[in-house]
Amino acid sequence: MTGRGRFRFVGKRLLQAIPLTLVLLLLVFAMLKVVPGDPALQVAGPRASAATLEAIRVHLGLDQPVWLQFVHYLGRVVTGDLGTTATGSTKVSTLIASGTPVTLVLLAVSTVFTVLIAGATALLAARRPDGLADRLINVVAAFGVGVPTFWLGIVLLAGVALPTGAFPIGGWGDTPATVLRAAVLPALALSVSVAPVLMASLRSGIVEARRSEYHAAAQAAGVRGWTLTRRFVLRNAAVPPVSLLAALTTLLLSGAVVVESTFGLPGLGLSLTQAAQNRDFNVIQGLTLVFSLAVVAVNLVGDVLVALLDPRVEV
Amino acid sequence: MNKWTKPAAAIAAVALVAGCGSGTGTGTGGSGTGAVKASNDLVIGRTVAVDGMSGDSCYGAGSISTMPMIYGNLLTNKPDGSGVQPGIAASYDYDATARTYTFHLREDAGFSNGSPVTGADVAFSFEQWRDGKTSGAYYDMIKSAEATDAHTVVVHLTRADTFLPALLTWCTSTVYPDRYAGMTPEQFFAKPIGAGPFTFASWQNPGPSETITLKKNPHYYDAAKGQPSIDTVVVKTSADASQQMLAFQGGQLDLIEGLTADEGNQLTTEQARIPKPSQARDLMLNSKRPALADVNLRKAISAAIDRNALASVQQGYVVPAEGILPINVPNSVPPTEPYTYDLAAAKALMAQRADQKPVTLTLGFEGSSSTVKTMVQLIRDQLAQIGVEVTLKPSDSATVYSQGSSGDFDMLISDPSAISPTVFDPISFVLTAWYPWTGADTALMKDKFTVGTSSTDDAVKDAAVRAIQDDARAQSTVIGLVNMSTAFAVADYVEGFTATPFLSYDAAAIRIRIRTGS
Amino acid sequence: MTTLLRISDLVLETGSAEAPLRPVSHVGFEVSHGEAFGLVGESGSGKSLTLRAVTGLLPEGVRQAGGTLELERDGVLRPYRFAEARGRGIGMIFQEPMTALNPTMRVGDLVTAGPRARYGWSRGTARSRALDLLAEVGMPDPKAQARMWPHQLSGGLRQRVMIAMALATEPSVLLCDEPTTALDVAVQDQILRLLHRIRVERGLAIVFVTHDLGVVRRLCDRVAVMYAGQVVETGRVDDVFTRPTHPYSAGLLRSMPTPDTPRDRPLAAIPGGQPGAGERPEGCRFAPRCAHALPACAGLEHALAPVLGSPSRSACLRVADLGGPPLDRKALIV
Amino acid sequence: MVALVQVPGRRRVRRGSGSAPLLTGAVLLALLLAASFAAGPLTGHDPALTDLTARFRPPTAEHWFGTDQLGRDVFARVLVAAGTDLPLALLGAVIPALIGIVLGALAGYARGWLGTAVMRLADLIQAFPSYILLIVLVFLLGPGGGSFLVGAAVGAWVTYARLVRGVVLRLRELDYVRAAQAAGLGHTRVLLRHVLPNALPQAVVYAASDIVLALSYLAALSYLGLGIQAPGIEWGQMIAEGQPFLRNQWWVSVMPGLAIILVGVAVRLIAGGLERRLQR
């Protein structure tokens, strides 16, 4: 693929993502119409008079046709106005702005853990397919998928954080060092359930690459050591997992929601959980939008990455 | 030898290092005397977020303990809960006939920005309290406040009132610099300036998992006495009480507010500080709901609740309620006829209902506390015995409040706790919130509240309180469940901490035994 | 000419250690400097496995259970370590250039990956060497093609890349595993010419594994015929092709396709099929299919031995009394 | 829920009938399910009975898993909870599988707008992380097992639909399927005869990982108070209730966690065994 071809490919995928994004927005907008309750009442509070409510309805554009309301909604989303929380104390956009870095750091650290755990175990398991290590890792991986993330989180808190004192028991940090330390255990709990999925895919990729003719040919041509592993095994073995990227990310995001609640990390997931518990509509709506747009973006990145890693992929 | 071993081992090693992290907790944790902490910082854990930085919006336990740290009050509670004591005001005079209070301010009180607290500041503050959107109603007896000199403020009332001194200890009575020191209210409350022992430094992730950091205020009025002793206060809020307990045991928290029996029972007796039970826990019944409009159902519910059982699961922290108001508060008297558990009577009352349809009710409560969760399960089981089916509905405290205020509930658990040394304090909550929320008739309570708060005679006050309790029993829209102690978990190296019965405590007096030398 | 590569008594096993199967048993041959050596046989005869064993790149599950592999170094034949020999001395070309070229690497990078890993060539050195090598193997526009991905090239060009890759470490012997099987006839010819040219220019020794006798005839100096995991006859190409000393070689030659017979036609001249590794008879493995077999053939495994009156060596018990007339020369014209 | 393409335990199809693991897993689940209906008689304790005099008893011969903060028998409750968790997790995987197979077949056979519509819908669904979709649906529909099932059905059918559609697209070009259609066999017959057998092994693997995922999501929801509500008894909810006592009365929340892991292992055994059988 030439440079221009790549550019065009990315552009094409971006264009393809636009209708999906619009439909997503429509869907999230439609949530507003499905939920029982008067949005004007939410804004005005319970003690508002009928006149106030009517004024707010006009102000919110609730007296206009639905399509126009949707256009207005789009306008508000574009300008970052997602309303306030149910108690009115905080803007949803503020909540998202403060929660996003937390969730991103958590996701980043878990991704690192997931890749390290999956990479190391996959390499180990692939050394001898069906060997003792391979079988053992497979069994452990099956357990890993089955262990409930939140339960593991509790156990890590009581069993690791408490006795060692090396990690904060719940909560987040305020400096890079404390933030990273706070992310370690939650990320670990998260990785345990996600790493096996990546591991399985990576392992079969490695086995396949190692059995390949190009691997033998490279060896015959004198390629050895880390170059052989990196350029003739890992690079090729990375293609199937990268095509899993979107699926893995949604799995990680799902897990992050649970883990943030377990560890009390002030991220988007905790906000979502608390909003669901407190039936805070605006927050749910805003966060749903953020999460789904993130997935669309990740899908996009995943497709582009696959194309970069595997030049054979049709552009 | 396979080529794979080396990279695999290298990655595994990296994973191990990354997984282990480094560093140690802030505290040494540990138990027994002689425990010390590495730094002069107090890390406080709690489950309830503050309600903002404005005193006007203060209603929850988080704000009740935080506001006095930042702003300071004219008067404060005596640690044993028996009355008020001087704060920013060194003394006050009251003239019942002239309906005026005169406050004499301390001359050494200063705001965190360095300017001294003057009469003008206090007069401005009185106006802000009275005009507040949320809590202004408590201050409706105030006609005007004026600074007669730099350290004297005269407050004129519309009626005789003995409640004001207690009110001035509340978290709503926050002393502000005059005209918010030249800032808009938005600017001011984003980075408030106060005369309390600590200065606002930062407020991260406002909400259920917020972190508030406060620094020592060098201009605090007791600075000469070496108060506050602590350099930094960090308040960490988390909805998960059990997690906080672990953090405390791991030495990562030095103090936990709002400790309940479940958590307290996991601590040593020195660590769990339990004041006398003076927090009422009531059940609100929304009489605007068709089923609950029938007083027979409300009374049946009251009779079907076994308050001894509720108390027994939290021994040492909780006693059964006799009325709706907290005990161990000055002028608190029980109703003429205390609650009794009588299943037969409850069933009889159920049979007397006008509408014999089966009853299904939701029960809202603040879900972060395991003791509340246990309590509501027991209530659900108990009410099932008279055929009332209960659906439990946990939320966070802000949501419970908004459910109550918007009337969006069948039954709601709430705590009309005393936060100042007079029973008229919880009565005022019930009068302005609980009763309107449940659709109760407020006429008698309003009347008796005025009678009680305009008198200086304890007998008059007691009689008014008893009438209020009896009225509550008759209406049964608010039902007393238990009286609780809100306890504190205090690390062994924390000294000078006194657990007061009113949720707030004197943070300025707290000292930390720190590690000396290297 | 001195011996460059000597394989002796090579035994390859698969399956469990208790009951192993031997796809290759006691195979040996020698290749001299600059010599082209052919290893022919049907699929399953073990010729490709033998070649792989020379570089130590046996497929999973196949192991070397015996034998000595020696390579000349400073005038002396000595056993070699695979990892060493691969980068210096032995190069290899694979049958399917499509699967043998890493699809995720550009042609230029691929060609010099070996010496870069081994000698730590700088990027610049590697790039200019890659262009030289690509030019040497006759890539029409090395600069442009170095930037391409393998899948963008035609089969013939891919095989040229494969050859360039094998030449990058300056081997003294090039192992070719059916290098033209996957290619069009016209392209086959180009590749064969290329290999011949390189051999001459570089003074390379080449080991050709193929089932195409025509190729052997055209390119090789000496040949070994393999059947069921054994070498049944070895000798100079001229001798073996004109006067085969083993009935199997003779049959093979008789069935040799002329340019107009379909490529994968079975060996019509010999009835039956080659036995698999698990079903080999005692004694001479060809005996069940051999028109000349005696009862003694089934009992005795006959090792390669010199043949009276011929420079070849044969594994046939009856080589002396069969002798046989020379083959019809017409069949050998390619 | 999203069934992922690669799941440990799947790739290795060893020789053997797979009967032993299949049987072990099935027996484990069957025993657990059966015990859930007879938890009371089996343990000698009423799982719902609060006994404030018997709070926090550690595991003994009387109370195998100890008692909780209300003096209820944890073993009896763990067993009863199996009756909530297992059927819901099972349905949470089977319902979307059925929906996905039907929609996938539809998308494969019906070229044109219908097929496109189904696949676009699949794209849309996949834009939501499964658990977040679940939370949103629970929010819209209210907490409870029904909402959970709807959420699972909406989220997890996509994988099956894609799988079946792929097989249909591949098979419809094959001669024998054409012949079958020419011979007058309906789409349903072709689907049952030719498509399902081809898609089944992988669908079973997906479903197995979906059951495990569904269980962990159900437990997570309930743990957060959004799933099964008391007085319903559910493992995640039990873990949440026992969490405050984790240090001194660990059994209250550790036991239900172990139960979840046990089910995960049993499902994995069954899936592995079934797959081996189906691929023979």
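Which chain is which? They are A, B, C and D, in the order written, and residues in each are numbered from 1.
The rule is simple: contacts are C-beta pairs under 8 Å (C-beta built on N, C-alpha and C of every residue); 3 or more make two chains touch, one makes a residue touch a chain.
What you are looking at is a predicted structure, and each value in this text was computed from that prediction instead of being measured.
Student: Report which interface contains more C-beta contacts, comparing B-D against A-D.
Tutor: Counting C-beta pairs in contact for B-D and A-D gives the edge to A-D.
Student: Using the average of all C-alpha atoms in each chain as its centre, how far is it in Å between chain B and chain D?
Tutor: That gives a centre separation of 44 Å.
Student: At what distance in angstrom does the C-alpha mean of chain C lie from that of chain B?
Tutor: Taking the mean C-alpha position of each chain, the two centres sit 88 Å apart.
Student: Chain A to chain D: how many Å between their CA centres?
Tutor: Between these chains, centre-to-centre, one finds 22 Å.
Student: Could you please state the distance in Å, as a whole number, between where the Cα atoms of chain A are centred and where those of chain B are centred?
Tutor: From the centre of chain A to the centre of chain B is 38 Å.
Student: Spell out, as numbers or ranges, the residues of chain A touching 2 or more other chains.
Tutor: Residue numbers touching two or more other chains: 158, 162, 224-225, 228, 277, 279.
Student: Could you tell me which residues belong to chain D and also touch two or more other chains?
Tutor: Within chain D, the residues that touch at least two other chains are 225, 243, 246-247.
Student: Touching at least two other chains at once: which residues of chain C meet that condition?
Tutor: Not one residue in chain C touches at least two other chains.
Student: For this entry, which pairs of chains touch?
Tutor: In this structure, the chains touch in these pairs: A-B, A-C, A-D, B-D.
Student: For a test of understanding, state which residues of chain B touch chain A in their complex under the given definition.
Tutor: It comes out as residues 2-8, 11-12, 14-15, 18-25, 29, 51-52, 204-211, 236, 238-240, 243-244, 246-247, 249-252, 367, 394-396, 398-399, 401-402, 405-407.
Student: Can you list the chain A residues touching chain C in their complex?
Tutor: Against chain C, chain A makes touches at 1, 129, 211-225, 227-228, 231-232, 235-236, 239, 309-312.
Student: Any idea which chain B residues touch chain D in the complex?
Tutor: Touch list, chain B to chain D: 240-242, 245-246, 249, 262-263, 265-266, 309, 312-313, 367, 370, 373-374, 377-378, 380-381, 391-392, 394.
Student: Which residues of chain D touch chain A once you look at their complex with the stated criterion?
Tutor: Its residues touching chain A are 2, 4-12, 14, 123-124, 126-132, 135-136, 138-140, 209, 212, 215-217, 219-220, 223-226, 236, 239, 243, 246-247, 250, 253-254, 257, 260-261, 263-265, 267-268.
Student: Provide the residue numbers of chain D that touch chain B in the complex, in ascending order.
Tutor: Per the stated touch rule, the residues are 50, 52, 55, 69-70, 225, 229-231, 241, 243-248.
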